[in-house]
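In the part that follows, the structures are each spelled out as C-alpha cells.
Next, two complexes with chain A in common: one pairs it with chain B, the other with chain C.
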Partner chain A sequence: MTTPDMRERIDGFPTHRIGPYRVRAGRPFPYGATPVPGGVNFSVYSDGATTMSLVLFERGAAQPSAELEFPPEFCIGSVYAMTVFGLDLENLEYGFRADGPFDPARGDRFDAGKVLSDPYARLISGREVWGTEPDWDNIYHYRSQVVNDDFDWGGDQPLRIPAEDLVIYETHVRGFTRHPSSRVSAPGTYAGLREKIPYLRDLGVNCVELLPVFEFDELDNPRTDPVSGERLYNYWGYNTVSFFAPKAGYAATGPFGMQADEFKTLVKELHKAGIEVVLDVVFNHTAEGNEQGPTISFRGLDNATYYMLTPRGEYYNFSGTGNTVNCNHPVVRDFVLSCLRHWVAEYHIDGFRFDLAAILDRAPDGTPLPNPPLLEQLAHDPILRHTKLIAEAWDAAGLYQVGNFPNYGRWSEWNGKYRDTVRRFVKGEPGLVGELATRMAGSPDLYQGRTSSASVNFITAHDGFTLADLVSYNDKHNEANGENNNDGADDNNSWNCGEEGPSASSHVRELRLRQMKNLLTILLTSQGIPMILAGDEVGRTQLGNNNTYCQDNELSWFDWGLVDANAELLGFVRSMIAFRHAHPVLRTSDHPTGTDRVGSGYPDVSWHGVRAWAPDWADHCRVLAMMRCGRHAKSGSVADDHVYVAVNAHWEAHDLELPALPEGQRWHLFADTGTTVHPVGAEPGLQHPWRYHLGAHSAVVLVGRTADRDDHQTQKENHRGF
Partner chain B sequence: MTVKVSSQVLAGVTVVALEGEINSTTSGGLQSQLLPFIGHGSTVLIDLTGISYVSSAGLRTLLIVHRHAQQLDAEITLVGLSEEVSFVMSATGFLDFFRIADDLDTELERTGR
Partner chain C sequence: MAFDVRLRINDKVATIELKGELDASTAGEFHETVGKAAGAGAVELVIRAEQLGYLSSAGLRSLVFARQKMGDGVRIAVVGASEPVARTIRLAGFDHSIDLVDA
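On to the complex of A and B.
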C-alpha cells in the first residue's frame, strides 16, 4: 500500500502578492513565526494598533529589505497573521512595526518609528557574542529570527525526580566555565558547561538551576567600575529582552544561530547524567524599563496590557527595576503560560524558579490577590504537570510571602527564613535553638499541610555572600559596583571569624573552614530541598561583594584552581551529598511529628542537647542535636539507619550524651567538621557507646546501625571518640 | 551557489567528496544530489575535507540524508571534518548521530575488510 505524499497542501500556495513577496492569509495560532510548507506563518496581536507591518531584514543588514503591511482581511480579532513564501530562514531577521496612538495618560505608547521584536521570537540575533559592542545607531537591536523546532531528542524527556530527593546546584552558564582555569573548549558557554558534567556527577547534585538564560542584553548597564574605569555589565541577566529565546551569547555556536540546538544538547546530556535543569525565570519585569527605557517589543504593541500602570499611565515599579509585568491580565497570563509550555515541551526543562514571584499574584492595580489566576493556571497546566515550580516568594515593594505564597499544592518556595536562621545560629547568636529545630524539620510552621519539599533550603544563593565570604566578612564590600557600596543587602548575618577578609592566621582559617562545613552539614541533613550555590563547595570568594550582578570577571567566575586548593572542603561536600542520597530518612516528604508512627520505639524525629532526650531551648544555649529514626524513612516505606546530627555553635567544646540505640546497634562516625569525614557506608564505630566530645564551633553526624565485624579495627583509628 | 559533488568507488565503497559551503542556499540542491547515492544496504562515505563551513540548515540536510539512509539500512560515514565543523557538530549534538571516521584511507581499509 502506498500513502499519498501529504507534504503538498493546498494552503502551501500563495493567494496574494505584496511587492515581490507572495503571501496568503496566515493562521493566528501559534503566535510568532512558524515554518509552514513553502513559507513562514507570522502571527502577532495588538489591541490598539491601527496598522501593523511585518518588517524583513537580511541577516545583519542595517536597513530592512521589505515592509509588508498586513491587509485588513489578514486580521482576525486583534491578531494579524500572514504566511510569506520563499523566505531564506537562515538569513532572515524580522520584526513588526505597529502604528497607533501615543497617549501615555491612557496607557498607549505606540511608536511607528520603531521596529519591534516579536514577543514570541524563538531566536534572537544582535547579541551573538557576549560583550561585543554593537552599533548603537542600529535601528533594530534584538532581531527576531525563525527557527526550525526539529531537535532530535532521542528518548529524552524531563526526569521527574521526586522533589524531596533533589540536591539543587545554582549556577551561571557563563560564570561556570568562563575562567581560564576551566580548560574547556568553549569557555563560558552551554557547550562548556556540558564538558563539566562529570564534575557535577562526582559532586552528586541531581539538579542544576541556571541563572536567566532567556535572551537579555549584558550591555544594558551604564555604570563603570569607579577604580578600574572598566565597563560594568548586566552579568546575571535579570532583565529579559525575549522570553522564548535562549541567550545567544551563552552559545559557542551563537554566531551561527545555533544556540537552540546547543542549549538543547546541554539539557539532553545533563538528563543522561541524571541531572535535572531548572531555569531561573524573570516574569516580574522586562528590559523596557520605565518611561525613559527603550521600546523593544511590549511597550510598542500593547503597553497597557503588558504593564501595570497607575491611573495616570505611569509605570508601577514593584520590581525595583522600572516596570512591572501585568501578570494577571488574561492576555499576559496566556503569554506566560505559553512561554513556560514552550520551555518544557521544546527544551525539556524540568522546572522553574520564579524571580520576585510575589509580583505574580498582584492584580493589575498592584493589589495582592488571594487566588491569583496565573498561579492557579500554572499549577494545573497539563504540560507543566510534573514541572517543579519554585517561587522567590517576595518582591521589591515589600510583599513578603514566605510560608503563604499561594501554592495549590504545587509550588515550592525559596525559604529565606531557613537561610537567616541557620546563618544566625551558626555564627553564634543566642535564642535560636528552637527555631533551628523547626527549620531542620522542614519548616512545618510555614508549610503545615504541605510536603517538606515546599521548602527550598539554602544558606547562600547568587544574591548575597558566597559561603566563603559569609564566614570571612562582617560587612559587604561592593565598591566595585559603582554605587558607593549602597547596593546589595545589609542584613547578611555573617561573621568574619575574627578578621575582615583574607587572613594569614591559621586559627582564623581553620575556624572558617569548620564554619563552612557546619553550615553545609545543617543544609544537607535538613528536611526540604537543599540548594547549593556553585563554587561554595570549593570556597569561592567574591572578596566580600554580595551583589555581583554587574561583575563579569574573576569576582564572579568559578575558579577551577580551587578544586585542588580547597580539596578538603570539596571532599566534605561530596561526602555530605552522598550521605543525603544514602539516607532516605533525611528526604522524607511528610513533615516529622515527633511521635512514633511505625512502632519502632523511637519518634520520627527527636531533639537532644548536651544530655540525651533533653534539648535545651533556653536563650543562652547554642547546642542542638537531632536524631532521625530510620524506620520512619519515607514515612516508614523504606528501611534506613538512625541518623544523629549535633551542632555546637558555642565557642567552647561540649561532651554530648548520645541517645541509646536499639539492642545490637551502635553509633558510627560519619563526619565531624573539626576532624574528619568517612566514606558513606564505611563509618567506623564509636569507642564510647554514648558519649561524644564535640569541639567548639563544630558539628557531628553519626549513623546508628548494627555493629560491623571490622569495627574493632576502625575504633583504634578513631581518636576523637572516647 | 552550489556545493561541488564528485564521487568515485574505492574498494567497493562509494566515496562522495563535497566542496564549498553547506548553507541554506546550497543545502537543498545538495540533498537532491546526495540521495541517489544511497541505495538499500549501501555504504557511503561522505568526504567533507573540501567543506569550509556547515550552517544550521546544512547540518539539518546532512541529518536528513542520514535518516533516509537509516530507512534503507544503508550506512553513512562522515570523514574529513575540519576542526570548526567538528566543534559545531559536537556542541549542537549533531555529531552524536553520525559515524565519523578520522581519515579516508583508514576507513576504506576498515570497510574493505
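On to the complex of A and C.
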C-alpha cells in the first residue's frame, strides 16, 4: 500500500487578484473569518443582498484600506466566501458592505452606506477600554477581527458537576473587582476576577454565573444622572453587539487584542479551583434596537430573517428593548446553536442562563410554540450534551412560563415563584406555610416529572434589590437612574424592619442581619440549585436602587471592605454552603414524596410546626419546620444524617417540639440565626433532646446523628447545668 | 529598534536573546530559533528579554509555541522582561507556560 502525499494542500494559493489582493473562492463553512494556510477565509450569509464586499481596515484607521467585492463565482447559495492571502492578522479589522433594497414594509433595510460587523466575529475592537469616549463620527464602530483559536488548554474541559450539587454565584466581571478596595492588579477585568478565585473557593461556591460577557457597548445609554449630570452606562451589558466575541473592555489586555486569551485563562483557572462557569446570554434582542437604532450587523444583512416583524415590517418588541430576535427562523436557530457551540468548544463554558428565554419559544409572528425547534435543538445538540441550560422563563410581553417552559428533560429555570414565596414568608406575610414547604421541597408542583434541578432557587439576583436592601427598604429608590424612579420593579416583597434605609438602631440592625440569615438558611437548605447574588454574603447595599443596570460606580461594585465589616454574615454564609455540601440529603435529585422509600422508619421529608409531626397550615401560622431523613439522601444511595430546619417568621418566639430520632441518635445544633453557627461536623448536642426555643424572626438548623464522645461530654455539662 | 534574535547553546542550556518587537511579522524567526534549540536537545531555555520592547498577541503565542516545542520537561525562563511586557504576559495568563524571572 502506498501512503498518499499529505504534505501540502493544493488550495493554498490564489486564483484571482482584486486590486493588490490575491484571493480565491473561499469555503462557505464555517461562517466568519477563519485563518487558513497563507490567508484568511471570509464567509458571510445574506439572502437579500444584491452585492457584497469585504471591507478591510488597518487597525484603528478611519478609512478602509480596501473593499473587495465578492465575484459572483465566489457565492454558493446565498453565502459569500473568499480567501484573502497575505493579510497581517494583528493589524487587520474587517467588515462587510451589503447593497440591496431598502423597503421596510417588506422587511428590507439594506444600507450600502454602512460597514457591517460580521455576526460571527470572534473578536471585536472599538471599545477596548471600558468607558472611553470613541470618535462618534467613526464610520465603523464595532470592528471585526480575526483570532487564532489556539489557546493552550492543557487538560482542561468543562467540569460536569452534577446540577443538583451546584451552588451558583451570580456576578459581574467588572463590578466584582472594580472597587479600589479589591486590591487586584487589574481592577474590573477577567484577570482581576482570576485573582479573587481564592475568595470564591473559601466561600464554597462551585459555579459562577457571569452577567453578559458578549461584546456590548457600555456607552449606548443616552441618559445622565439627574443630580450630577454624569453619564449613565449600559453597565449590566444586556444589549449584545457581537455574540461570538468576549467583551474587550473586560480584559486588561483588551487594548492588545488578547481578551480571548485572558478570558480563557480565567475559565481554566476557575475550573482548576473546581468552579464552573455559566454565562448569562441574551438572544432575545440585539443592540440594533428599533427603527431608530443603529445598523450594526443583522439589520443590514437580512433584517427580516433576524428580527420578528409585524405584517407592516415594524419591529415586534417582546423584549421591551426595541427589537426581538427571530429565534425560531431556521437561519437564526443555526446562528444561536453555532454561537453556543463556539462558547462551549472554544471557551470551555459549562452552562448558559438565557435572558428572557420565553422569547426563544415564540414563532416568527410572536406566537408561543408548543414544541419550539430551537429549544429542542439545544437540548439534543451533541456539543451541548452536558452543558447546563437555564431559562429565565418569562419575557417582557407577559409570557410567563415558570414551571412549563419547554424543557426536553434538559432545561432548568430561574424559579421566580420560589423567590416571591420565600421573601413574603420571611417578611411575615400570612397564608404561606404550605407554599413555602412546596418551594423548599424543590417545587414539585411546578416541576412534576422533572428532577429538582429544574428549579434554580434564588432570593435575589442582579435585577432587583440586593439581600441587604431587601431587609432595609420597603420601596425602591431609583432616582439616580434618571427616570424619576419609574424604572425597576415595584413589587419587591421587601420589608425594611422598621426604618427605611440605613439605621442607627441596634434593634433594627440585628433584625436585618437575622432576616438575611433566615433567607439564606432557607435558600441553602432547599432542594433545587441555589443561586446567590455576589456581595449578598457580605451585605452589599445599592442604597435601595433595584435596577442598577446603568450604575457603573460604588452603587454596583463589590466593596471588599465589607468582607471585614460584615465578617459575621460572611462566616454564616460560608458555613451554610459547607453544610449544604456536607449533606447530600439536601441535594437529592428526585423530589421528595413524604413517604418512607428506603425502610428507615421516616419519610424522606416530613413537616412539623410548634408540635412535632403537626405542621400548622393555617393562614395565621408563621412557623414551619422541615425534617429530611438522611437515609433517603440521593435517593437512598448514600448515607447522611437527619437534618431539621425550622423557620419562625413570627414576631414572637416559639418553643418547638422536635421530632424523635432513631434510637441512639440526638439533635445537634448547627446554626441558629439569632445566636450562632458551628463548624460542620463539630455541632454540639442540644441541651434538651426534644425541645428547642426559637426566637422571633429566626431560623434553626439541626443535625440528627449518633451521639459521640464529645456529645456525652456536652450532655454531662448540660446535666450539671440543670 | 529592529528585531533581532540570537541563539547560544552552552552545556544543553539554550539562551535566546531578543531585541526589538516580537509580533506577527517577527514571530516566525523566533519560532525557527526555538526549533533549533529543541533540535539541539536543550534541557533549559532562557529567553533574555531585557531589550524586548513590545510583545504582541502573536509574540505571546510564541511563548506557548516554545513551551509546546520544547516539551514539558524543559524549563523555560523569560529573564529581564520590562514591567509592561511582564504584566501583559501575566494578565493574559501566559505566565503558566513559562517562568518570569527578574534580570
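Just so it is clear, the second predicted complex is superposed on the first by the 703 of 722 C-alpha atoms of A that agree within 3 Å, B and C clash if a C-alpha of one lies under 4 Å from a C-alpha of the other, contacts with A are read in each partner's own complex, and residues count from 1 in each chain.
In this text, a contact is a pair of C-beta atoms (placed from the backbone, for glycine too) under 8 Å apart; a residue touches a chain by one contact, two chains touch by 3 or more.
The structure presented is a predicted model; accordingly, all values stated were derived computationally and were not measured.
Superposition of the two structures on chain A leads chain B and chain C into a clash. Residue contacts after overlaying the shared chain place A:Asp137 against neither chain B nor chain C. Of the two partner chains placed by the overlay, chain B and chain C both lie in contact with A:Lys268. Once the two complexes are overlaid on the shared chain, A:Asp491 sits clear of chain B and of chain C alike.
Once the two complexes are laid over each other on the shared chain, residue contacts for A:Met258 go to chain B and to chain C alike. Across the two superposed structures, the residue set of chain A contacted by chain B and also by chain C is 88-91, 148, 150, 152, 185-186, 189, 191, 194, 251-253, 256-258, 261-262, 264-265, 268.
Listed in rising order, the residues of chain C touching chain A in the complex are 23-25, 56-58, 60-61, 64, 67-68, 87-88, 90-94, 96-97. Contact residues on chain A toward chain B in their complex (touch as defined above): 88-91, 148, 150-152, 185-186, 189-191, 194, 251-253, 256-258, 261-262, 264-265, 268. The touching residues of chain A, when paired with chain C in their complex, are 88-91, 148, 150, 152, 185-186, 189, 191, 194, 251-253, 256-258, 261-262, 264-266, 268-269. Here chain B touches chain A in the complex through residues 23-25, 55-57, 59-60, 63, 87-88, 90-94, 97, going by the rule given at the top.
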